[in-house]
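Dropping the structures in below, format is structure tokens.
Note that chain A is present in both complexes that follow, paired respectively with chain B and with chain C.
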Partner chain A sequence: MALNRETSGGRWRIRPDGPAKVTGALTYLTDMSMSGMLHGRVLRSSHPYARIKSIDTSEAEALEGVHAVLTWRDVPGLNGYGIAVQDQPVLCRDYVRYVGDAVATVAADTPELADYALSLIEVDYDALAPVDDPEAALADGAPKLHPHGNVLHRAGYERGNIADGFEGCAHIVEETYITPRQMHAYMETEGGLFVPEPDGRLTVYAPTQHGLMDRLQLSRILDRPQASIRIVSSPIGGSFGGKDELNIQPYGALLALHTGRPVKIHNSRWESVRAGLKRHPMKIRMKTGIDADGRIMAHDVNIIADTGPYATLGAEVLNFAVEHVIGPYRYEHLYVSGVSVHTNNGMSGEFRGFGGNQAIFALEGQMDRLAYKAGIDPWEFRQRNRRRAEDPGPFGHPIAQTNGAEQVWRTLAESALYARRERLAYAASAPSSPPWIRKGIGAAFVMHGAGLGFGIPDPAGGRLRLAADGKIEALFGYEEFGQGLIATLELMLIEEFGFAPDDFRIVIGDTDRVPDSGSTTASRATSMMWQSLQRMRDPFRSALLKAAAAQLDRPAEELAIGEGGVREKSGEKRLLLAYQNLAAGSSEEIAVETNFIFPASDTKRIGAHLLYTYAAVAVEAEVNTLTGRVRVTDQFHAVAAGPVMNPQGYLGQIEGGSSMALGYALTEEAIMDEGRYVTRNFDTYLIPTIADSRGGFEVVPIEELPEGDPHGPRGVGEIGSVGLAPAIAEAVFQAVGTRISRLPIDPSELQKPTDALRKAVKDR
Partner chain B sequence: MIEPSENTGAKQTLQCTLNGSPVEMDVQLSKRLLHILRDDLGLTGTKRSCEIGRCGACMVLVDGKPVNSCLTMAYQCEGKSITTIEGISGDGIDPIQQAFLAEGGYQCGYCTPGMVISVIALLHENASPSEDEISEALSGNLCRCTGYGGIIRAVKSAIATRKME
Partner chain C sequence: MPNTHPGMSVMPTVWRPQEIGEAYRMKQSLGETAVYAAGGTLLRTQWEAGTAVLPAHLIDLSAVPMLAGYALEPSELVIGACCPLAALRKDPLVQTAFPLLAEAVRNIAAPSIRNLATLGGNVVSRIGDSLPALLADEAELIWLGKNGMQAEPLEDWLAASGSEQAGRVLVQIRVQHGTESVNGAGTMNDIRSAPLLKVDSDRSASVRIYHKVGRREAFTPSVGSLAISAGMEHAAGKLKEVRIAAGGGQTIPKRLERTERLLERHADPLGEDCAAEVHRSAMDEFEPVGDLFASRGYRKMTVANLLVAELWRLRERFA
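Let's look at the complex of A and B:
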């Protein structure tokens, strides 16, 4: 059944953070200010690659109203950051390796003065030729960007014998897929407020996807105990992976501690673009062979990822891509190799989909090409080759089994949209009206891992307590960046415990208050909140009832938790003790906490997942052969992710994710020329507008899980952003017969002079 | 690099109406309305995002017309009536805001004040806009989170509710 407001009934609720958002009353962290605060700015590198000969800050320091000008000399602790490897300098000392590298940071009375002070800092650079191409970076004799060279990480996987695999294949498809440097384009740029407290602590109000990770990283940089730092990190005006790594936090923190005054930083869009993460551009070569029955015999893949100058999670993204170029299919022989390469281009890193977007665009492209070559319907082709229930995961590793692959693929076939493809003739054979508008329908199949995968610390947990004022507090170390985590948690508390919305308070995004729940990434938060509540539900209920029983002098068995307080278990379920009174009358705190690890596969394979979400996407697109423009007119998404925890959030994740995939397919690319961004703002970086988003859209969630499945809801935060691009590529092929191997689609590849035009030109 | 120093130079008196009340302030006449609202007046419901007139996060009404406050200089506000998101509904909720709530026409909410302003301006001009007109009126408001599905539903439901009233 399609997911929408009507079919969701009472579970479609107004989000608790909604009223403040629609009225503009919500204070984002970049909206904060404080009397006496200073304004911070960062001097970024003038070159993609250069040696720093000297930095002279004397003129800037002498300027009245400038309170600090800091360089590498002023970093008290580790001059480096990175979630996985701390190889990115906070402030560069000897080399700059991309245009976002920070060289100095300034705090001044006004933003204008801070800007002016930056212009007075003299950095003497020895500019070096930038390494702007990952293949050139791998060549012998290429300049080494780091002492260890230019390879961040290699990953691969092998099964069978690939050389034998291609022998006797009936059809072989070889293709190279190229994917763009996509920008997260969150509407709120990075920023925040940094406040030195009277007791010597530092409070950081700045968005992140993992407050405790920021605290750890800042403690290393500032050389002060983690307990002396408090990170307040929600609400957030969008992140999509882009604010997972540190961004402006080190500068705000250094400046605030140095001056002893509050410091505000709020990036301009251009600064956000030049310094921020992007999706890894990848070049994926695939050679795939099938036998006469259309079964895949051999799949040979090579991935080259441009990871930019520093690590962040580039290695993990490559691991994910290696897993997802294998995906939900069976192969006789398999060989995958991948390399993530340092260049002087922009930073690449974590971004919704996490390497799956690139991998699956290529993989699904192969499936469509092979099906066409073999004369098999693309649905039937995948049906023949897709994984079966009980098959192991892509690396041959154990996974939590569901029937998701089969369910989504069958549901797709039953959709009205996909059924229409039968009526659309293959590749440009049927006439259309007007003749320059051609329609096509394409589909894609997605299996996407959730959680960080085996071998990477992936803690989870939460806490429930009855606060002194009688509110039940649910405390989680997760962040709200728009996905609706607060609304989802609210619904879970109502449905799992029977609380009224007024009975509880949700506390997130404050390291002084929350337990370590792990990061709000990798489609993990909803599923980890659900699992935490499963673990805490009975102990917390019993603790509440035990305290109530003592106060009421009645056996706990006669009592139940409900709206407003403890109630009689049977009969009219009369309210016996309001939570407020329960709290007032309890001498001990009533609280339970759970800590566990995100479920991982029993394997030795780093990054291999246990939990997967499946999706099938169909799309109808129109190609205008005069302009070469593609317009998406209808979409269908079947998603198997277990029970829907929050209908509005679920629908919003698939709609929003697929909008990002639409941009990825059609318009989005942060273009670089010799290590410098050409695309600097939304005038040239084109994300979808409402005018691009008018087509039909249907989401069918498949909620059923196998009997006894202990894992509950799987994540849906990323999967919507994956399948649409390859489905559009196939729809374009069906419409005009042109194969797309590079994103975003170049309109000039699709422009075809019509006969009428050709004639008109000839007649002149 | 020095930004063109729009905020230096002599201040002059600006008189206008802001959210229904007359205001008089001394500002540099080239200062952007966005910065006056956010930094001088603390009206942070108007958002800063691209600052080149492409995203609509900074949208306000000037004499009832939607305007990007990042492109509007102080002198252009002289004698004008400016309405920001804070002035839309007082302490309550406007029916258009209610439609955004009911349909889920927002996620992170950062584009939402600007979006609401544009919808208000549209429906004020045209009580029953066509799909083309909706799309035209809102194509200057970018939203990265929702894919616009919830926004389109919210606008349609706001139109339907108005018709019923």
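Let's look at the complex of A and C:
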């Protein structure tokens, strides 16, 4: 059944953070200010690649109203950061390796003065020819950007014997897929307020996806204990992976501690584009062979990822891509090799889909090309080759088994949209449609891992307590950046415990108050909140009832938790003790906490996942051959992710993810020229508008899980963003017969000159 | 505590003249240090991008009565240079009588920007998407300069090299009434949705068509824009008074005069052979500027294709 407002009934709730966000009333962290605060600015590199000969800050320092001009000399601790590897300099000393590299940072009375001070800093550079292409970076004799060279990470996987695999294949498809550098395009650019407290601590009000990781990273840079730093990190005006890594935090923190005054930093869009993370551009070569029955015999893949100058999560993204170019299919022989390469282009890093978007665009492109060559319906082709229940994961590793692959395949096959595919040939010549409009329908099949994967620290946990004012507090170390996590937790508390919305309070995004729930990333938060609540539900309920029993002098067995307080378990379920009174009458705090590790596969393969979400997506697209422009006119998404925890949030994630994928497929590319951004603002970097997002949109969630499944809801934060592009590419092929191997789709490849139009006119 | 230092860029001084002569005199006395501003939407993007420096003085024209609003007079539409795009877009009379302009304005930028951005600003940018529509309607510009008010055909001004008479200011854009016609624009995606032309009698009709092709469906720079105005005698199957103008992106829009003449002189302008000739002619005559997002060749082809497609739609209508 389609998921929408009507079918959700009472579970379709206005999210608690919704009204303030929609009306603009909400104070985001980057809206905060304090009297007496200074304004921070960062001097970024003038060159994509250069040796720094000297830095002279004397003129800037001499300006009245300028309170700090800091360089690498002023970093007390580790002059480096990175979630996985701390190789990105906070402030560069000897080399700059991309245009976003920071060389100095300034605090001044006004933003204009800080800007002016930056202009007075003299950096003497020895400009070097930038390495702007990953293949050139791998060539012999290429300049080494780091002492270890230009390879950040290699990953691969092998099964069978690939050379033998292609022998005797009935059909072989070879293609090179090229995917763009995509920008997160969050509405709120990076920024925050940094406040030195009277007690010597530092409070950081700055968005991030993992407050405790920021605290750890800042403690290393500042050379001070983690306990002396408090990170307040929600609410956030969008992130999509882009704010998981540190951005402006080191500069705000250094300036605030150096001056002893509050410092505000807020990136302009221009600076955000220049310094911020993007999705890894990848070049994926695939050679895939099938036998006469259309079964995949051999699949040979090579991935080259442009990871930019520093590590952040580049290695992990490559691991994920290697896993997902294998995906939900069976192969006789398999060989995957991948390399993540340093260049002087912009920083690549974490982004919704995490390497899956690139991998699945290529993999599904192969499936469609092979099906066409073999004369098999593309969806039937997937059915022949897809994984079966109880098959191991892509790396041959154990996974939590569900029927998701089969369920989404069947649901899409039975959808009204896909059924139109057969009739489309006739519809194209209907008189309502001019001859230059061609329609096609395409589909893609997706298996996407959730959680960080084996071998990467993946803590989880939460806390429930009855606060002194009688509110039940649910404390989690998660962040709300628009995904609807607060609303989801609210609905879980109502449904799992029977609380009324007014009975509780949700506390997130403050390292002084919350337990370590891990990073809000990798489609893991909903899953982990649910698992935490499963662990805490009975102990917390028992603790509440035990305290209530003592106060009421009645056996706990006669009592139940409900709206407003403790109630009679049977009969009219009369309210016996309000939570407020329970709190007031309890001498000890009633609280439970859980800490555990996100379930991982029993394997030795780094990054391999245990939990997967499956999806099948079909789109109808039309190509205007006059202009070559593509419009998506209808979408169908079947998603198998276990029970729907929050209907509005679930639908929002699929719609929002799909909208990002639409931009990925049609318009979005952060173009670089010799290491410099050409698209430096949203007037040239084009994300979809509401006018681009018209047409039907149906989501069918498949909630059924196998009997006894202990893992509950799977994540849906990324799955909507990975399958759409290959489905559009196939729809375009069906419409005009042109194969798309590069994103975003270039309209000039689909434009037909006048002869074609004349012919089309004649044929009518 | 000083907030400024010598050498530090400062916000411009904003002057707010109350009448047009005052604005002109301010510019004369401030010279190169001053820039006229209307909605400021384009200037702002140029300052941010570093393609124009923040001037010392801004002469804000928004309070000058003569530049405000528009008037539908018996023989023409007179539009003050500071008339916001949104005002023209919403008026049903403008939509009916000047469909090219209304459609062009409908596709410029986004709602919040159209409330600020002015037609005058779009015109003096020399690349605005209103220009092909105004060219096809043979609009006239009224300037205030050293010799007082002067009229100049838009086409002549665009064709001139661009060296502006020092400090003259655009006052009005004037468009003559043609035969009443019906908007012929549309998405080109559904043949039924676009009323092509106004049939004035059973003998003649007028055609008004505007297209903008961008890189996305809305709020986009154009890669191609095309305006067509023509009269049609459908009994004879002939086209007359054909005006075709094309632009897009950084291209200064121009009339495609050879293609216009070809259509006017052709015995069977809606025929298949003519369509091929028109396509060739437009490809040859239109000289767009390419960039990283859309090549010159793509832009040419887009405009030529749209033109031929519109001829095809006319033929369908009269076949």
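In this section, the second predicted complex is superposed on the first by the 744 of 764 C-alpha atoms of A that agree within 3 Å, B and C clash if a C-alpha of one lies under 4 Å from a C-alpha of the other, contacts with A are read in each partner's own complex, and residues count from 1 in each chain.
We take it that a contact is a pair of C-beta atoms (placed from the backbone, for glycine too) under 8 Å apart; a residue touches a chain by one contact, two chains touch by 3 or more.
All of these numbers come straight from a predicted model, not from anything done at the bench.
Student: Once the shared chain is lined up, is A:33 touching chain B (first), chain C (second), both, or neither of them?
Tutor: So A:33 only meets chain B here.
Student: A:688 contacts which: chain B (first), chain C (second), both, neither?
Tutor: both
Student: Please indicate which partner A:216 is in contact with in the superposed arrangement: first for chain B, second for chain C, both, or neither.
Tutor: neither
Student: One more residue to check, A:678. First (chain B), second (chain C), both or neither?
Tutor: Only chain C is touched by A:678; chain B is not.
Student: With both complexes superposed on chain A, which partner does A:667 reach: first (chain B), second (chain C), both or neither?
Tutor: In the superposition, A:667 touches chain C alone.
Student: State whether A:25 touches chain B only (first), chain C only (second), both chains, or neither.
Tutor: Touch partner of A:25: chain B, not chain C.
Student: Please work out whether A:185 is in contact with chain B alone, chain C alone, both, or neither, and reply first, second, both or neither.
Tutor: First partner only, chain B.
Student: Between chain B (first) and chain C (second), which, if any, makes contact with A:112: first, second, both or neither?
Tutor: It touches chain B and chain C both.
Student: Please write out, lowest number first, the residues of chain A touched by both chain B and chain C across the two complexes.
Tutor: Dual-contact residues (chain A): 110, 112, 115-116, 681, 683, 688-691, 694.
Student: Help me check something: in the complex, which residues belonging to chain B touch chain A?
Tutor: 1-3, 5, 7-8, 38-39, 42, 44-52, 54-55, 57, 84-86, 88-89, 93, 97, 100-104, 106-113, 116, 131, 134-136, 138-139, 141-153
Student: Considering the complex alone, what residue numbers of chain A touch chain B?
Tutor: Going by the criterion above, the answer is residues 5, 12, 14-15, 17-28, 30-31, 33, 110, 112, 115-116, 118-119, 184-189, 235-238, 240, 266, 268-269, 481-484, 648, 651-652, 655-660, 662, 681-683, 687-691, 693-694, 697.
Student: Can you list the chain A residues touching chain C in their complex?
Tutor: Listed in rising order, the residues are 63-65, 109-110, 112-113, 115-116, 270, 431-437, 622, 624-629, 631, 666-667, 671, 678, 680-681, 683-684, 686, 688-692, 694, 747-748, 751-755, 757-758, 761-762.
Student: Could you list, by residue number, the parts of chain C that touch chain A in their complex?
Tutor: Those residues of chain C that touch chain A are 1-5, 7-10, 45, 48-49, 110, 188-192, 213, 215-221, 224, 272, 275-276, 279-280, 292-295, 297-298, 301-302, 304-306, 308-309, 312-313.
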